[in-house]
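Labels run A, B, C, D and E following the written order; every chain starts at residue 1.
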């Protein structure tokens, strides 16, 4: 695959994701209407990102291919043309614009905290409640950066993935995890000993919790970028919310 | 001083020593001769308890060393052993080679141990090498140090297992001279050797082993001039005086 | 057949051979004697080009082998060498040890090579071990195979570097017998050895080296009965006939 | 649900992924070790060639250059994380070779292993008795013949335990290749963990599988080694004496 | 912006992170190798103790049990990815030890290295000439005295190159400990890469730094080894003959 052929008409759209970041993307072993086969390994991909990718591909009249790539390998794959875009629950920010061109968000949600259900923090409503507590976020994401907004927080060395962080939380090594709502919902459903903290209006994080599609750097003015952005614009907010509800109910942890 | 009765030793299914009876008096110099594989080394190693015999008795000054009546390590300390391949400690200097046993086993203090070591190194002509690494020596020099190391432990008896066979011919003479001197001083010694001249000149008794048994023993004079057993005659072949 | 002129060889700053002049005629059996470190092995190794001399000439059947006039490997193939430590190939059987050189260097076909190898193994009494691994042999057996290996290469001259000094005394006789037989058949041989009896009995000429020079050479009779040089006299010491 | 129930649950749900990962991991480890051994043999043998006083100036220079290049190769691949090597080589050579991740993965793990093997073989060569070489030279065998017929077979036998060790390491290290889309056992296990938010249990399964793989392969190889060495023991057996 | 300009840019922006990572990595590698060597010495020495025919039944049984436990230790730590070990040990022992990630990291890399070192030491012990032991026994030294005064010092010298190798491997493998929140060089590099979404350039910097670390440390250690061995060369020098 790859976006190397500018002269010939491209017929496949290659999308990279981790396939282990529910509810945005995950792996299952059985095929269904909602899954896509994973191109480079066994198993099938499902999740919000996969549905979005399907819609875009359909809109563009292209065949969809999903490639499963480790987080560290996503950007090099994009840069080299191994994949056409990353749809991986990834948040765009100014710094990241250096390495890729991002579309407008394809999902926006709320930034919350995951805590232990039996902890007093489960009743927290403001950032101040986390003063002096150990809080962890995912490495090189907004979720890690915003932690410093909590006054007097103990900002723990970030971790790579949510399963790792949830493990740390369950083992009392940290007291809270920053997350966006869908991820937190999935995590709490899989682990009933956890709870979600929603912050009161004006007492929560000031952060961008949207996720965007990444295309190769310098492709913003290209044909493909425009078409994808267009396709994305055609998916209205209600569809997005319905879709997210649907996938969170389907994700394997919740059965 | 040493009395061996009905000693047996097998490795797996190989009977290496078949009922050995043998004794050594104080001050005797015994040479043990025999073909390769006849069990000479094994016999020496049993006396030193480097091998544990399967049966029989070894009485050392009346005590059976196979009965747990003695401390094995103290026993070994006082039975000096000189190997064909020297077995000096590669990671120690010459002096340390001679003191380590005194300090760790005989519990002498370091100063005393060094004094004793230097005396014996002097005796074997190696005093000026005291601080050399033991790997820097020639074979003959190593063997001198090995003898000094054994002497430092106050041995009641010295066992030599082919002490000259890994040496250049020029070195052999020197080592044999040291051994002759020890013999002259009344040291009890058991020597496995192929140096028939040494056996003739120095030993008080020659013991001929073959296939795990003692075939014949006697004064060097008798063994070299007049062996009674056919096997002895065969083995000694070109060394027999009568044929010279 | 071999003529050596003004041969020099140093290792770093150590002059090991200092202007050696020396010749060997066809059919001669030369024994090379001398103290450890006198350069005997180095001289042999230069003849075989295992060491490259620093200066001088080595003429082999008239051709200077140091001048690039010859193929080094073909030269080595036809100068047989028998080492103190046997140097049989550990990863090969006895037979393979004897055929590999024939096949790879002399380009004989395998069948022919095996026939020749078995003939020579028979000659040294090792035919029935042809398919044994070479590490399974005793020292004496290894040395027989090493001799057979050298013979298989059609050698013009055989070089022996202390062929018996790593052997048990019982084995020595057998190897010396094989060498005597070769000598009797007219093989040209240069033998470094400490076996003075062999030197006396077999060699046509004895060469005494000391500190990198040839001190004296002559018939065994003359060297052992009547050495002219003081150093020779010193070295031979107990072997001198006149003192016996 | 208890720990082991969850473990069982996860395993039942995701065993096709684990199985797939096992296959990929073993393919990478096996081919990487074999090809790496081959590379190591060549590089180790070449590294054993030193400029000799007899060589002409040109030959000496060439030998030095070759030695330098091989050193750089070894130093680079031993000195940097394989993950980084994978990214550079896969994407760097992709335009020229157009290789798939799996092919690239096999090549990268082989080249990486080769750097380690070269050192293993080199020290295996050094442990071969110098007399073996002299024996070969004395019957006129060339340097190359000596190396291939005499030295390398013995070096290889000496190096076998280290080769086994390298295989075991490769089973684990192949996980680095997930960065170029090779879905090995560890990566597949991780996606099970990420899909289920169950970390400890999934890691437990992964650990067990790795343990089986490394234990079984190292035992099998050790058995092979024993068999290989058995008839060439160093004691003196009077072989054929009965004949 | 060209590749190298970006590299420079990234380095200038993030060098405090890299420097931090280097320190953590070297601390882990150094302490892990030293402590691991210590563990390996003990385990390797204990593994060399075999039941002897002279031992009583109880002693034999105890020796067998010890041997089995040590084998399980070695097999487990060599046979599973260190990442998995880190997760289990860190979280599993946290309730009892209350350790910080860094302390846990040092312990885990040490215990892991110890399993490899045990094998290195064991084969180092095996390579010590049997005559050395006989010499010691013949003057009445006990098993333990022989092991510590004679065998281990020589085993250690023989094993030194393998120890260096283990150190180099630890420099790279310490990156596995990021799974328990230890921020080593690779991890810090990764966060720079993730923030800027520039992986290739950042990986390039990481590779260079690793190369420097491994190259320098292995050279320094090799130099130390040479110095250590220099006065004990195996050739016959007539020491003191002049005296």
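Assume contacts are C-beta pairs under 8 Å (C-beta built on N, C-alpha and C of every residue); 3 or more make two chains touch, one makes a residue touch a chain.
Quick caveat, the model's predicted, so the values are computed rather than measured.
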Next on the checklist: Considering only chains that satisfy the touch condition with chain D, which of them also satisfy it with chain E?
Outcome noted: A
Item to check | Label of the chain whose CA centroid is most distant from the centroid of chain D | outcome: B
Item to check | Interface with more contacting C-beta pairs, comparing A-E to C-D | outcome: C-D
Checklist entry - Most remote chain relative to chain C, going by C-alpha centroids? => result A
Next on the checklist: Please tell me the distance, in whole Å, between the geometric centres of chain A and chain C computed from their C-alpha atoms.
Outcome noted: 80
Checklist entry - Once you find the CA centre of chain C and the CA centre of chain E, what distance in Å lies between them? => result 50
Checklist outcome for this item: chain B and chain E have mean C-alpha positions lying a whole-number Å distance apart equal to 44
Item to check | Computed distance of Cα centres, chain D from chain A, in Å | outcome: 37
Item to check | Two or more partner chains touched - positions in chain A | outcome: 72-73, 76, 79, 164, 167
Checklist entry - If you look at chain D, which of its residues touch at least two other chains? => result 83, 87, 91, 199-200
Checklist entry - Once bound in the complex, which stretches of chain D touch chain A? => result 13-17, 20, 24, 83, 87, 91, 94, 101, 178-183, 187-188, 190-200, 202
Checklist outcome for this item: Interface with chain C, chain D side, in the complex: residues 53-54, 129, 131-132, 134-142, 145, 149-150, 153-154, 157, 231-241, 243
Checklist outcome for this item: Per the touch rule, the chain D residues reaching chain E in their complex are 75-76, 78-81, 83-85, 87-88, 91, 119, 123, 161, 165, 168, 172, 175, 186, 199-200, 203-204, 206-207, 210-211, 213-215, 218
Next on the checklist: Considering only the defined contacts, which chain C positions touch chain D in the complex?
Outcome noted: 48, 50, 52, 73-81, 83, 85-91, 100-101, 104-105, 128-133, 135-138, 146, 149-150, 153
Checklist entry - What residues of chain A sit close enough to touch chain E in their complex? => result 71-73, 75-76, 79, 95-100, 136, 139-141, 156-160, 164, 167-168, 171-173, 214
